[in-house]
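Labels run A, B, C and D following the written order; every chain starts at residue 1.
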Amino acid sequence: MQLWLIPALPLVGFLVNGLFGRRFSKSLINAIAIGSVALSFAWALRAVLGLDLTHPYTERYFTWIQSGALTINCDFTVDRLTAVMLMVVTGIGALIHIYSIGYMAHEGGYYRFFAFLNLFMFFMLTLVLAANFLVLFVGWEGVGLCSYLLIGFYFDKKFATNAGNKAFIVNRIGDFGFSLAMFYIFKNFGSLDFGAVFGQAAGKPESMLTVIGLLLMLGACGKSAQLPLYVWLPDAMAGPTPVSALIHAATMVTAGVYMTARSWSIYIHAPAAMDAIAIIGIATAFFAATIGLAQNDIKKVFAYSTVSQLGYMFVGVGCGAFSAGIYHLMTHAFFKALLFLGSGSVIHALSGEQDLRNMGGLRKKIRWTFLTMMCAAIAIAGIPPFAGFFSKDAILLAAHHRAPWLYWVGTITAGMTAFYVFRAIFLAFFGEYRGHEHPHESPRVMLVPLAILAVLSAGGGYLFKVPEYLGAVFPRMEIPEDPALMTISTLAGLAGIFLAWLMYVARPGMADSLAGAVNGLYTLVYNKYFVDEIYGAAVVDPVVNGSRAVLWQRVDAGIIDGAANGVGDRAQEIGGALRLLQSGNIRSYAAWVLFGSVVVIVAMAVAGGVR
Amino acid sequence: MDSFIVISVVKAVVVFGALLTALAYLQWVERKVIAHIQVRPGPYRVGPHGLLQPVADIVKLITKEDLSPPFVNKTLYLAAPFLAMTLALMSICVIPFGPAIRVGGVQTWMQLTDLNIGVLFVLAVSSIGVYGIALAGWSSNNKYALLGSLRSSAQMISYELPLSLAIASPLLLSNTLSLRLLVDSQAGGAWRWNALRGPFPQIFAFVIFLIAAFAECNRVPFDLPEAENELVAGFHTEYSSMKFASFFMSEYANMITVSCMATLLFLGGWDAPWPARYGSSLVPTVLLAGAGLMALYHGIHPWRRRDRYSLPAAGAVFLLAAAVFLLPAVQSWLMPLFWFGAKVGSILFAFMWVRGTLPRLRYDQLMGFAWKYLFPAAMLNLLLTGFLVAWGS
Amino acid sequence: MGSVPISWFLTLSAVLFALGVAGFLFRRSIITVFMSIELMLNAVNLSFVTFSYQLKKVDGHLFSFFVMVVAAAEAAVGLAIILTVFRNRKTLNIDDVSSMKD
Amino acid sequence: MDVVIFLIFAIIAVACAINVVVQTHPISSAISLVGVMGSLAVIYLLLGAEFIAAAQVIVYAGAIMVLFVFVIMLLNAGAEATKGRAPMAHLLGPPLLAAFLGILAFVVRRLFPREYTAHFGGFTHGTAKDVGRALFTTYLLPFEAASVLILIAIIGAVVLARKEMD
């Protein structure tokens, strides 16, 4: 089936655009970048439709690393989980590539942007197709690299490069956990192949599996922006909006969820690790949702919303409802990509304005953007029959099955989600226009992807019955349908929408007075619980100051420099003594050489060469 | 063992006797040839047609005063002509003149000794040959001599490269370094000679070899080391009597060696140009008989009085020789000798012919020609030959 | 027809090598020093050929062949350097060419 | 007879080598060195190294030493000065040299007892064919490297010896 073509096509696009793009016209760059991704999508579609995926289908290419007991093959594998991810990544990726034509039309570094996007596609598809942990890790690190490159796309702006650095460094912590997990897996399983590892998982002691599970979870927390490593994701909005949509909403950040779901056979035997995932997930969901309530930057709102929704996915996989987690992953990819792209369209319309307070009344001016974003907002609020309802409901059902309090917190979070998303919608599209720019509708090349995603957000829940499709992959969980729970969560969503309407459309002053009433709480939430400041004080400052005081002034200046200088000084002294030998006279040199060779021959003779 | 030594000694005496006589008479032949090219009679006084001129020359050179200038480096001054002569004669040791013969029940080769690496031996000896000239010029402590020997050293080093490369290509065809086997590999007629045979006739190598050989022997048009109008007499300005004669003889010995090498490498050695059954064995008889008959005719109609007796006598000798070539007993070894001599003689004649015809080159032209034309041409020829030989095998 | 002990060849090689070293040490003309190096190389070649005989393998011949090649290259470059030195310094005394120190 | 031949040429070689060292005039040294090389060529023949013997004469005596003689003549190098300023060499040299030679002779004696002998015809694989075969199979890479080395040497020599064109 030549699975390697799927990631290789974007790689070719990256190489061509990256190496020669500077001299290409924009249309040629578009053709290469989008063509490669579209072909990749087509090939992936062919693979998914053409293969019988009830069993994993693996292709072996070559032995990558051969070292002692360690054998790493470069293998790609496809099963139904991979198929879902492939479709999401290539499909949404292709749409966002198209959207980017319009969004990036007036930006510098056009070829660079598309080259990086293609490179990202390559790594993401490698990650998804990988048949062992190390190849997955290659993709994992590669998407991290692309994320870094694209967050810092406006590298002449300080905050963008800082955000890129932050994302990179925070992710290192997670990767550290992932690496340890791989070492531990190899030590205990003797292999890193998925098939071999997951096949043996059932027979291994629970404590060991728990350790592996927790370490993998640490990696997933870093990549998927869970507590306490979520801090990089909101900052990552410094990148161009299509990047936010593709990498920081739809695909890369879900890699942690994918990896956790992929490792289900480890987790299923490590209940403690699963509990940890569920708890972290629900905590993140709730925590991020509260922050989202008070943000004024439209992209920040959706960023915290992303963190929150990723928390939902974690709850899903943590409760054993892996298929529900993946289901939500897919629907989230639809509506969150749409929200970001829509907000990008809004920002585009306002020539770069991102603050909600400077918007308003855009409903009539950019009608199509408004309509599509409404679809997404309803979907994320969990109102039936939009896509978000089905997946969120599946997760909440599983959560209730696991522990009722998870369900209740999740439901409250769902209400908050509906509230802040509609708050953003109402602030942006309703009321009077408060800005100064002259808004204009986005070009068709941006609107078509929006429309497609709107259709998917609205009907995706019906169109793609992911849990049933994935039934062959994951262990079946018998959870009875409960109309009451479904109703309650839907009502929570509706309540959130109503509250938002009340506060921002019906009585615009109410929000401010409410904020004044709970001033302390509002300040806390508005400043994101001062998490960045706490991290700064607790981690960053000690490291920086400690490095400066101890590592630099003591270790570096004292020991390392001292050693180097000392060596130099001694060498100079010895050289000064030896300089006397250097008479510049070749014949005396020859005499010394002769002396040396006599010594060597005598030494060899004495040492036993001759008896 | 004893017979081996005796045979070797006999062969050495015969070969060197013949060689030294040939050297002496080669000088006479050259003077005659050049004289006829220049439409004058040449040596004529001593003996009939000056035939005894070489004897007179030898007597003159031996009896001349042996000058030894006071400013020379004695040892090397004396060693140089000796060295030149020795090295010039040494190559003859490995040159085969003909096939195996039986004399008085003893089977032997018409060759002093056969080496597996005969060609390399000749090359080696000729490559040291330059010392004689270089040392002679240097030890004379005379700037003309020094200039002459410097020119000579540079020239001989330069022309040795195309010479070696030109030698290499026929070796590729014959696949041996032994001079005797080299001839064997070319047996069977002119179209089997290395100069003519496929896959790639070595005619170019032959021409390159001859040109380089002219330079190696310091012959016109490459006789810069002894260009008398620039350098008095070049490297042997300070030499006289027999020491001078040694240089002279070594030059002629080198010519003979080189001609022998050309014959062996390119012209099939002692092989007849076509097989005996088509009458190649009659060629010497016909030639000698023709010469004898012509002499008889001129004896009957003499221009001068004394020709009435001398020419018929010469004609009788020629006819006798023609008859001898018809004797089957001697034909087996005389025919190879005849063909070998004929080929060597033709090349020697070419040496003289060129000397009588061409002017001398300028020094920079000489070096430029070697490095810019001869060397690349020889290289190209060798490459092509190697390629075609590899292709064919 | 007595056979020659292998050690004689090697001793000859050693003697020639030592003479080369002596020439290198005690002679002052650059050219003679250079020639002493050639002498040492020749001595080494003799050892190679002798070992080749002793081991009944042709490899020693190859080594001495390569030594010759290197010696030829060395002679070409070395003599060119000597020419240059002489052109610039008007001397061939090796002790006068010690500007690397000063 | 092998012994006689060996002794004759060994003595010539050593005598010429001594002459190389003691002669004050470079050209005398050079001629003596040619003598050494010629005698060594004969000894090579004794050891069955036909090709190397021929190459020794052609390359060493016929090319390298001619080059030396040529340069000596070109520079008109006279006899060298008798006074030098390498006290270290004169101080260290003789005893070290004696020690060096002694040790080498000792080692040779120990490692090669008298039973190891050589005679003419004892080794017949030194022909041009054998050497060539080894050269173009086992030693092909060194051969190519050597050819590159020669090319570099040619260019280097030309660059060094060229007259300044300014």
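The definition used in the following text is that a contact is a pair of C-beta atoms (placed from the backbone, for glycine too) under 8 Å apart; a residue touches a chain by one contact, two chains touch by 3 or more.
Quantities reported herein were computed from a predicted structural model and do not represent experimental measurements.
Asks: Centre-to-centre on C-alpha atoms, which chain is most distant from chain D?
Replies: Computed centres place A farthest from chain D.
Asks: Which two chains meet at the most C-beta pairs?
Replies: C-D
Asks: How many angstrom lie between the CA centroids of chain A and chain D, rounded to a whole number?
Replies: Centre-to-centre distance between chain A and chain D: 73 Å.
Asks: If you average the CA atoms of chain B and of chain C, how far apart do the two points sit, in angstrom?
Replies: A distance of 37 Å separates the two centres.
Asks: On a C-alpha centroid basis, what's the spacing between chain A and chain C, in Å?
Replies: The answer is 70 Å.
Asks: How far is the middle of chain B from the middle of chain D, if each middle is the mean of its Cα atoms, in Å?
Replies: Roughly 32 Å separates the two chain centres.
Asks: Send over the residues of chain C in touch with two or more other chains.
Replies: As it turns out, chain C has residues touching two or more other chains at 21, 25-26, 28, 95.
Asks: Quick one: which residues in chain A touch 2 or more of the other chains?
Replies: Within chain A, the residues that touch at least two other chains are 583, 585, 587, 590-591, 594.
Asks: Two or more other chains touching the same residue: where does that happen in chain B?
Replies: none
Asks: Classify the chain contact graph as line, ring, star, complete or other.
Replies: Chain contacts: none of line, ring, star or complete; other.
Asks: Each pair of chains that touch: what are they?
Replies: Every touching chain pair, ordered by label, is A-C, A-D, B-D, C-D.
Asks: Name, in rising order, each residue of chain B that touches chain D in their complex.
Replies: Chain B reaches chain D through residues 75-76, 115-117, 120-121, 123-125, 127-128, 130-131, 134-135, 137-138, 146, 149-150, 153-154, 156-157, 160, 177.
Asks: State the interface residues of chain D toward chain C in the complex, per the touch definition above.
Replies: 1-3, 6, 10, 13-14, 17-18, 20-21, 26, 29-30, 33, 36-37, 40, 43-44, 46-49, 51-52, 55-56, 59-60, 63-65, 67-68, 71-72, 74-75, 77, 80-81, 84-86, 89-90, 93, 97, 100-101, 104-105, 108-109, 112-114, 116-119, 122-123, 125-126, 130-131, 134-135, 138-139, 142, 146, 149-150, 152-154, 156-158, 160-161
Asks: For the complex, give me every residue of chain D touching chain B.
Replies: Answer in residue numbers: 27-28, 31, 34, 38, 41, 50-51, 54-55, 57-58, 61-63, 66-67, 69-70, 73-74, 76, 127-128.
Asks: Flag every residue of chain A that touches chain D in the complex, lowest number first.
Replies: 583, 585, 587-588, 590-592, 594-595, 597-598, 601-602, 605, 609-611
Asks: Using the touch definition up top, name the residues of chain D that touch chain A in the complex.
Replies: Residues in contact with chain A: 84-89, 91-93, 96-97, 99-100, 103-104, 106-107, 110-111.
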